[in-house]
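The structure is given below, and queries will be raised subsequently.
Order of writing sets the labels: A, B and C. Residues in every chain begin at 1.
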Amino acid sequence: MNAPATTAVEALPTVKPDRLPLMLLPVLALVALPLIGSASTWVTLTFAGLAMGMIIFIIASGLTLVFGLMDVLNFGHGVFITLGAFMATSVLGLMTGWTTSTSLLLNLVAVLAAMLVAMSVAGGVGAVFERVIIRPVYGQPLKQILITMGGMIVGEELIKVVWGPQARPLLLPTAFQGSILLGDAAVEKYRLISVVLGLIVFAIMTWVLTHTKVGLLIRAGVHDREMVESLGYRIRRLFIGVFVVGSALAGLGGVMWGLYQQSVIPQLGSQVNVLLFIVIIIGGMGSVTGCFIGAMLVGLLANYTGFLVPKVALFSNILLMVIVLLWRPEGLYPVGKK
Amino acid sequence: MLNHLLSGDLPRSRVLAVVLVIILAGLLLTPFIFPGAKALNVAAKICYFIVLVASFDLLLGYTGIVSFAHTMFFGIGAYGIAIALTHMGPTWTGVAVGVAGALVISLALSLLIGLFSLRVKAMFYAMITLAVASAFMTMASQFSDITGGEDGLSFKVPELLTPGFSLREAPFLGVSLDGKLITFYLLIAVTVVLFLLMLRIVNSPFGRVLQAIRENEFRAEALGYRTVSYRTSSNVLSAMFATLAGALMALWMRYNGPDTSLSFEIMIDLLLMVVIGGMGTLYGAVVGAAIFIVAQNYLQELMKVASGAATNVPLLRDLVHPDRWLLWLGLLFILSVYKFPAGIVGKLRLGAWRKRTAQPGA
Amino acid sequence: MSEPLLQLQGVHTHIGAYHILQGVDLTVPKGELTVLLGRNGAGKTTTLRTIMGLWQVSAGSVTFEGDNIGLMGTPDIAQRGIAYVPENMGIFSDLTVAENMILAARNAKRAEDMDAKRLEWVFGLFPAMKRFWQHPAGLLSGGQKQMLAVARAIVEPRKLLLIDEPSKGLAPAIIQNMITAFQELKRTDTTILLVEQNFNFARQLGDQVAVMDGGQIVHSGAMADLAGDEGLQQRLLGLSLASHQ
């Protein structure tokens, strides 16, 4: 039975919020420092890792929320990344005058325009995808895996129909190219921008999730869908909204990824898929904070090991996943589903 | 006799039976009616893919598990042959060692993955196998000392199986009786044996339990079946057959590399074949593999014609471009999952069943 | 007995291959507290979930204020003024007590939007809610979680409360607290359908009583009649209830 009534009413058990996973990032960075040796190399690698992590986070956040809310795992999420990236090649292709200009403002407008178009198109296609591909197979995991995979195949082929099967260049605007010096360390400008953009997205998302009613509903829905419906809210509508926003964010991530790689291929999405799954598994399926930490860990580790032991870098993600799951079988921040 | 051979699991549709006979006859007669290396290669590919797709159906269709690591076992089989024959020379011992070694590795790996992760939900299993498979592929292309890396391994097969070997000087019905031909018929024979073996497995009491678990895991568990061990066994069996399919492929191609046996594209192809053919029917593997591989090799020709005719219609021209054949098969795949989850075979059987019930006594 | 607010007629519910409710006839009169008794597996929880639309009705009708709500979705049913406290309490443990309450108050966007007077009344019933207002609900004790679950159901006036075993697993002192709260709630003329296994608890609160067994209602009537007839209690409730106290 429970503790005596008086103490149960008077005192709240003092369980500290779980900050341990958060500590992983600084610990990883600090462990890497002596191994790398040079502080300036370390700074460069850390920024590269964070930039990569931020982009992955932006892409994966929608995926983890969609899963959390409706147990829908979209194996076709990668299509939105590719779609966003290819949209950016078209938009920036039309605005070459702006991107090759030396004016930071014009560059910025061009990139923002590309991002906005990519997000709207990816979001719009996401709405259709949800309606046509996902809704008919709610609650049937096996069919869901198959059908979203089918959506991925068809989506990738359609992208080839529109943009052709070859790689397309996606060049950084003039002002975004090159590096700046932080002490001795050269940090690519674009990586810095990615980190800032990623932090902004994370901040907005956290704010929405904690300070708005929609955010509360999403968090509540991830935890207990039935109870949210029993309180009188239509969770399906919420889900569609999250799906569309998640797709739009994947589109944004696609633009950022494409600019990072300076070129885009139709297979981009399916290549990133594995990485996304690893990140959301590490984070704890459905947890945005977990997804953020997972993405940063993946990004940092990939860059550190890529420098220290390139062969291991190819497996660093899997290794990371195995270690995390051995420590916490349900991920860093398990979402206490009922 | 036939009933016994097919383990009592007959096609149960006249059309399906005819289709199966046509496929078998087509395969057997390929060297005689479709001259040229391409046709023979297509026919051989259909054979080892029948084994591979059927083994995947064992897992997906009969047990309800989605694994994206199936090509990994296919690759292990192919690498087993490739590595053994590269190091031991073109001997039958090498073939035996390669197959045995590959089977042992597949057994250990599938057991490990199964025990660790078959307890979790279907979606986690799908994700974890996807990650494992991609790691395995990276590994295969990295350890180039053993695997030949991205370039893969070309090797010699035992003399009996080489094109240089000849049964008799004069060609028979215009076909030279060389080692390639022997390999081809051996391949068909092994395919038939393996397929019948799988048919036996799914129709055994063990196979019935698998299907019961797929239908209602909770209930099967309540009836006292240890579902995890059944699912793990199915996982292992399916991996074994996939390994053998890989070995067959390597022996036929006399080459193996990451792109021919491990790539994600093959995994996607597998999914398409098993779903379009018909999950949980095993015959679907035959139909799916035959249709898909023929389409893969000849649909493009057809689309070339269509594309040529539509040169002046911009979007249509791109949609029917020969390279976009996968688009159409992908759409067919989605349609299959929605409309006829038991695929072509299920559709045919349903039709036959309706006919039978509509005409009682007929 | 006053006019019925909720009426189930010949309700059948299947869960997968299992036929759980086999023709339930139940009337919940307006402004009264009806207790649904019965042993484990009798179908009590399924009845509440069916009313709430969480299980599909396969036959029969569920009438609320004269309308058939049997085929409606859960959100629509809730919006008609039915609140549900499930057996597992349905607390959102990652959210604070305040956030849990905001979600229960459908039109409130922030805590300030809630009816302050009503909130004070709820705090009066369950003082712990006020004390732990900004704390994560997951840190509350079992009894406090139960209080939060009930508090959520009454933070805005609802026409009907469906409450599943509020006494389950609670210490006697907390059960007493809960009884006091329900008695106060009854004074506001709220209609309540309460599932219970604890007969002592049920006896102190119930106006009407219905007993379930094998997916059907096997007895219904005034609580006073059942409470006064030990023979009937013995026959209907047997030892399973006694062992639960």
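Throughout what follows, contacts are C-beta pairs under 8 Å (C-beta built on N, C-alpha and C of every residue); 3 or more make two chains touch, one makes a residue touch a chain.
It should be emphasised that the depicted structure is a prediction, and the values quoted were computed from it without experimental measurement.
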Exercise. Most central chain by CA mean?
Worked result: A
Problem set entry | Label of the chain whose CA centroid is most distant from the centroid of chain C | B
Seminar exercise, completed: In whole angstrom, the CA-centroid distance of chain A from chain C equals 41
For this session: Please work out the Cα centroid separation of chain A and chain B, and write it as a whole number of Å.
Result: 35
For this session: For chain B and chain C, let me know how many angstrom lie between their CA-based centres, rounded off.
Result: 55
Problem set entry | Footprint of chain A on chain B - complex, ascending | 60, 64, 66, 121-124, 126-128, 130-132, 134-135, 138-139, 142, 264, 268, 271-272, 275, 315, 318-319, 321, 323-324, 326-327, 330-331, 333-334, 337-338, 341
Exercise. For the complex, which residues does chain A have touching chain C?
Worked result: 1-6, 8-9, 12-13, 15, 17, 212-213, 216-217, 219-220, 223-224, 226-235, 335-336, 338
Exercise. What does chain A use to touch chain B in their complex?
Worked result: 67, 71, 73, 75, 133, 136-137, 141-147, 149-151, 153-154, 157-158, 160-162, 165, 270, 273-274, 277-278, 281, 311, 314-315, 317-318, 321
For this session: Over in the complex, which chain C residues touch chain A? Could you list them?
Result: 52, 54, 73-75, 78-79, 83-84, 86, 88, 90, 92-95, 99, 102-104, 106, 108-109, 127-128, 132, 135-136, 138-144, 152, 169-174, 177
